[in-house]
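Labels for the chains are A, B, C, D and E, by order of writing; each one numbers its residues from 1.
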Amino acid sequence: MSRRTRWIASAAVWGAVTAGAVAAPFYLEGFWLQTGLFAMSAAVGAIGINLLTGATGQLSLGHAFFLAVGAYAYVYLSSDVGLPTPLAAVLAVAASGVAGGLFSPIAGRLKGAYLGIATLALIFGGQHVLFNAETVTGGYNGRAVPPMELFGFVFADSPEVVVFDVPFGSLERLWFLGLVVLGCAALFARGVLRGRPGLAMNAIRDHEIAAGVMGVPVARYRAGVFVVSSMYGGLAGVLVALVFQRVVPDYFGILLSLDYLAMIVIGGLGSVAGAVIGAAFVSLLPQLLTRYGDALPLVAAPGSGGVSPAEAARILYGAAVVTVVLFLPGGLLGLASRLRRAIPRIKELRWANSAPEPASRR
Amino acid sequence: MAGEAGLEIRDLSVRYGPVRALREVGLTVPRGAVVAVLGANGAGKTTLLRAVSGTLRFHRGGVASGSVFFGGSPLPASPAAVVARGVIQVPEGRRVFGRMTVAENLRAGALGVRDRAAAAGARERVLTLFPVLAERAHQRAGLLSGGEQQMLSIGRALMGCPSMLLLDEPTLGLAPMMAARIAATIGEINAQGTSVLLVEQNAATALALASHAYVLEVGEVALSGPAAELAASDEVRRRYLGVGTPETDRPVGIGSGRTLPRWTA
Amino acid sequence: SGKAVGGSPTAGGDGVKTGPGVSATTITVGVLTDLTGPYASLGKSLTQAQQLYFEQANAAGGACGRKYEVVVRDHGYDTQKAVAAYTEIGPKSAAIPQFIGSPMVTALKQRIDGDKMLTIPMAWATSLLGSRAIQVTGTTYDVDMINGVDFLVKEKGIKAGDKVGHLYFEGDYGESSLNGSKYAAGKLGLEIVEQKIKATDQDMSAQVAAFKAAGVKAVLVSVGPRQAASLVGVALAGGMDVPFVGSNSAYAPQLLDTPAAPALLKDFYVMTAGAPVSAPMPAMQKLVADYQAKYLGQTLDNAVPTGYSAAMIVDEAIKKACTAKDLSHEGILAAHRSQAAFEGGFGTPMDFTFFDKPSSRASYILKPDKAAVGGSVIFKEAAVSDLARDYPVPVG
Amino acid sequence: MTPPPAHAGVVPELVVEDVTVRFAGLVALDAVSFAVAPGSTHALIGPNGAGKSTCFNVVSGVYRAASGSVRFAGAELTAARPHEVAALGVARTFQNIALSARLPVRDNLMLGRHRLTRSGFVSAGLRLPSARRESVRHGARVAQIAEFVGVADVLATPVGLLPYGTQKRVELARALCMEPRLLLLDEPVAGMNGEERREMAELIVSVRESLGISILLVEHDMGMVMRIADTVTVLDFGRRIAGGPPEEVQRDPEVIRAYLGESREGAS
Amino acid sequence: MTTFVELLVNGVSVGAVYALIALGFVVIFKATEVVNFTHASLLLAGGYLIARLHPVVGFWAAVSAGVAGAAVVGALVEFLVIRRGRVGSHGVLAIVTIGVDILLTTELTRQIGTDVLAMGDPWRDQVVRLGPVTIAETRLVALGVAAALIVAFLLAFKFTGWGVAMRATAEDAETAALMGVRLGRVSLSAWAVAGGLAAVAALFLCVFPTPGLDRSTAAAAMKAFPAAILGGLDSTTGALAGGLIVGVTETMMSGYQGQLAFLGRGIGDAAPYLVMIAILLFRPAGLFGTKEPARV
């Protein structure tokens, strides 16, 4: 198949995806928009941790901390310092980067399970600070998040805006912001992974000493990836705060970190698309189940005994992690590419042309 | 064939997913014999040994057809069961347990041996063969030099009191003197009744040791016969004995054909 | 598209103005509870009690010619899930008779206020006061603690200059309680020795050691039942024989089956605004009978009347709003706020006209009792201490 | 012995002086000294465990020497970290293959270009034109080197699926991709048969011919050492026991005793 | 001074329980190099069995049954999940264990419901008085059991064929198979042992100073993480040392939180992690852990 047809095919797919994403707020109710926005934020964070864990082989259980730094820094900088919100958002992302940088003595030196568990300290230490530094963080109850304001346009429910007869509240408006942020974050990460830094990261993962001998400053790169990954975390934090309109310390706990790991494994380690797919899966599944749990067999109404929808969601989530990892090496993304190969006609739409089986980089 | 109760490989085909690595390979190691397998890189020598030991599944491969018999009955597909039958492999690339000490590595080699006296005897023999292993008994194996690891790898296999030894490039990375020692040892072990299937790039050594030899090419048996006959064949001399024999020793470099232009930044 | 503008309060066929959650035949109430998280046992009792209430209400003809429909969402004490659940059921609920978790309610405070959604949080922190739509029932934690300190001074021989320990949870619950105990201590010349813990802490040995070292004469307990049991057990075993006064969330009858039982039965008291299920009130006895009939063999604790009366508060507001022919959120809320002396038959009367003050300041003092239904009995009838009456409640 | 090519001037000398390396209770290198003349091929031989790889590790910055000095291009290498050594134009292959098994050959080779390329997180992430140009230009060079080494047809294959011998070639190609001035080869023909050995030897010679770089070689195949090395240094138990032109070393009784053994024929 | 001694003694006694939890964790890591997040739910399973069975069969029989039952659960996890995962990467397997943990914990907490289950142990709330300091009998027993088990495993790993096979498998399964190691059996036994250890740890976690087993019990497994890392993930001695350090740090920080108020109240929970970071800065493989051999 010629380059040209392939290009046209992929342009068509992306066009359709974009059109769908743009049309969504006109049809979906608030609940779905909110869920979608959580998924987008999760995707941004998952891309970040995939850079670290998937591409560089550094386990992190502390990612939730960087989300917290981003979220709280945004709130602090915009409401207490009084910076314009876009600037506050940018600085909040930078602040997460700095927090990641401060951890580099550990992040540059440890690896594997040791680093993973060491990063738990970020979660517990971080939550301790969040609970205690009440003047900045609001303590246990957290703080309200000021809405983003870009060039005079406010991402909030008021002033009212109606587009094509559909009232555009904060969720509808944020939807587009989320799309743009996710798109940029994904493209950036793809560039990094396919470029020189991505190779160096993979080399560190596969053979640390060889990477050094090939000219890669290993400790500096490890720390660098950690910083980039924390900045992704921070960006996800800002986004989730905007959607939430509230930041509370409890949210940024160990479970969130574990969810992120599950996302990248379910989606497919080391790739951007994998992170996005995994994030969507992990964020949507419980919501789908609580929403439509009543319709499922074996799931009982909450409060009536039996398996409640929340429990069913947990069980399905756990089962999904197990099954995907065991039976779909390469995650959902791997499954997708295998399907694509299996169905010749769709094969023509392949946008990742090379890289056969072990899709460790994309 | 003379293969009275030795190792018999019949029409063996092996695949790694879509890659076909062996095609209808037949090979016999009579009891008490040394048989050599030669072949270029990627010919399938390692694959052959993996198929015998039952470790193909670790490489996402499997036997497509054919069978392996040992002592007159089929060899089971599980590595542990193969070891239990006395068929022990020295894998390619040393594969010592780097985080365990040298002594523990040897211990691991004897895990399948019930008979304590036999294990002690084997240990004695290994340590006299490779004194350096005794000196380094408590060093972690991962820190040994390449050649020392190779010795450990062979020693570890000998700890299992094999009745049939599969050797995948045992002299890889060994100094000439040590390689000669290994060759002599193989002869010795063989003399004590152990059959040997030897995969070896050093064709001269291999053909000197073996009674019979096979040449694999792209997964198929291209040549086979008594070792002496093969050693005399032109083809084998050219391809597998090439470097290192004075006759073919010609000045290389000049006129080697290829050149790489310099990089200008 | 289906989302096009519309859905503002419209008049139904019966001339009643309706709002979200109210159709011609049904009134939907939303329950945001915790059935799988740390407060699962509370959530379960509350939810079952409320389901019982609305079932009974429907059997008695419903409200305003409509039947109640209860939508339950379990957020597992996770703020994000609670926000998502509110986004889902908020637009289709007339009121929320149960919302567990003060961080969750706080996170949604602005939206609840904006939606004018009558919401009854199942948390009693002062930070939830000050919002017109949110109705904290009974006393707040600090008021309970003030009454508790008063009790210690009046009946347990604590006097000015003594030290009193206060073990509390990180968060609203604990900190609200601590506010109360500090206020009371300041007024009475006591010294409070603080120990803060997390919900995941299980073993209170270190805290007991610290209290012992400080020489406390009594201990206030604003933690979960497990921690309370551990504290009391360790203290007694270690020879620290002092009275303990717990907040209403510090005790669960299940603990009487554990080795901590003797210690709990000895000198441990619980402060609460609602009467215990063992209280000899006719309404309570009927509730106990009905509940046991419907939920055979399930734990019956003091959360049952709490949940039941919260449902009753919502039902009353809706019925009142019906007479005013306005079942919009605003209508329901206005009807609710017009009640100055609500009495559901389960304890002290409540005043809903102010939303920046607790609706009551009277606390019962309960004592664990193995034989009693619900595991506790009234030790002292509900009363307002002088200290609590004059206490300026912090708001928000 | 081939005289150093004319353009050898750009290649500095490697001087190893009195280098001692100790590991808990073991002297792996004991005051070893030798020098690699610009543009020459220098072989390092010795029995197993003599300290050859350790020597490589010291030169490439992987191990720290207890004392002594290693100088190259005016820099002291004993204090340098691996990537700093690489930056000076020192490349090496590994005795035990150290490639990224899951990545295709092309990516493994591109890693070799790391020191010659510049694009960082920002320019790669934003796909700045500079980063694109760089990757195209260096991609072409990688293809050229792959062609030269004979791995051009497996550029897209994950390394882990290749046979041992081919992986060894990829190792060499990756080192060449660093455009080294000094190339350290640790047993480049281990695991190869006669013909492949000869090819590899030719390849090494043409590398030196066409690039004029210095090569430091560890190899147990004496035939090959004799034919391609200009100078040989022999180590035993961490000590330098002999050195000089190959023919001389080959006849040294000490070397025969410690390394070659009495019957060289049988062992080659 | 008395307070200090009392806190120290308490810290050591809590630490013994943490050490027990960490030990199970270390056994799996040593045997399979997998960071086992399922440990929390194995703990819950063991505790649940003991709690449910003791009224029926008596305490000691219930403990044996609990240990056996949790071992079976561990073995089942291995057989049904871990074994199927020819994933290669230990990091990915660790994530599988997260999934398994979610499954098991959800079901077990559903079973436990809102109850608080007593373990029915013979020590009840008895304490031993050492001068002015009191210590719960349960904790003394825990310390003894932890020490005994740790010594036993130390010896087992070093000197038995099982230990050697286990470590060999962890490092290189294929080569271990070539040594005649039955991989399935080794891995199965490791998980079974970890399950049994979890039951023992659960017992001591749920007796006297804490009121009993309930749905939040599993959270305590988190304490084993800093303990295991502190000591070195692959060291049984390290599990003991790490457990004690975590216990003492936590207890001291909580006990003195009045004096340490500037660090924020509730520092007791975060403190073990801070100590862990401090130690890892100087010893990246923990106090007793073995460093990766690095040579090329």
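One rule holds in what follows: contacts are C-beta pairs under 8 Å (C-beta built on N, C-alpha and C of every residue); 3 or more make two chains touch, one makes a residue touch a chain.
On a predicted model such as this, the values are computed, not experimentally measured, just so you know.
Hopping across touching chains, the smallest step count from chain A to chain C is 1. Common neighbours of chain A and chain D under the contact rule above are E.
Centroid distances built from C-alpha atoms place C farthest away from chain D. No other pair of chains shares as many C-beta contacts as B-D. In whole angstrom, the spacing between the mean C-alpha positions of chain D and chain E is 48. Chain C and chain E have centres, each the mean of its CA atoms, that are 37 Å apart. With centres set at the average Cα position, the gap from chain B to chain C is 76 Å. Our note on geometry: chain B versus chain D, Cα centroid distance of 27 Å, whole angstroms.
Those residues of chain B in touch with two or more other chains are numbered 143. Of all residues in chain C, those that touch two or more other chains are 36, 44, 170.
For chain E, residues touching at least two other chains, in rising order: 106, 222, 265-266, 269, 295-296. If you check each pair of chains against the touch rule, the ones that pass are A-C, A-D, A-E, B-D, B-E, C-E, D-E. Contact residues on chain D toward chain A in their complex (touch as defined above): 60-62, 81-83, 85-87, 91-92, 94, 98-104, 107, 110-115, 117-121, 123-127, 131, 134-135, 156, 158, 160, 174, 178. Residue ranges of chain E in contact with chain A, taken from their complex: 29, 35, 37, 81, 84-85, 87, 90-96, 98-103, 106-107, 110, 222, 225-226, 228-229, 233, 264-267, 269-270, 273-274, 276-277, 280-281, 284-286, 294, 296.
Interface of chain C with chain E (complex): residues 36, 38, 40-41, 44, 170, 193-207, 209-210, 212-214, 225-226, 229-230, 233-234, 236-239, 252, 254-255, 257-260, 262-263, 299. Of all the residues in chain E, the ones that touch chain B in their complex are 86, 161, 164-165, 167-168, 171-183, 290, 292-293, 295.
The touching residues of chain E, counted against chain D in their complex, run 295-296.
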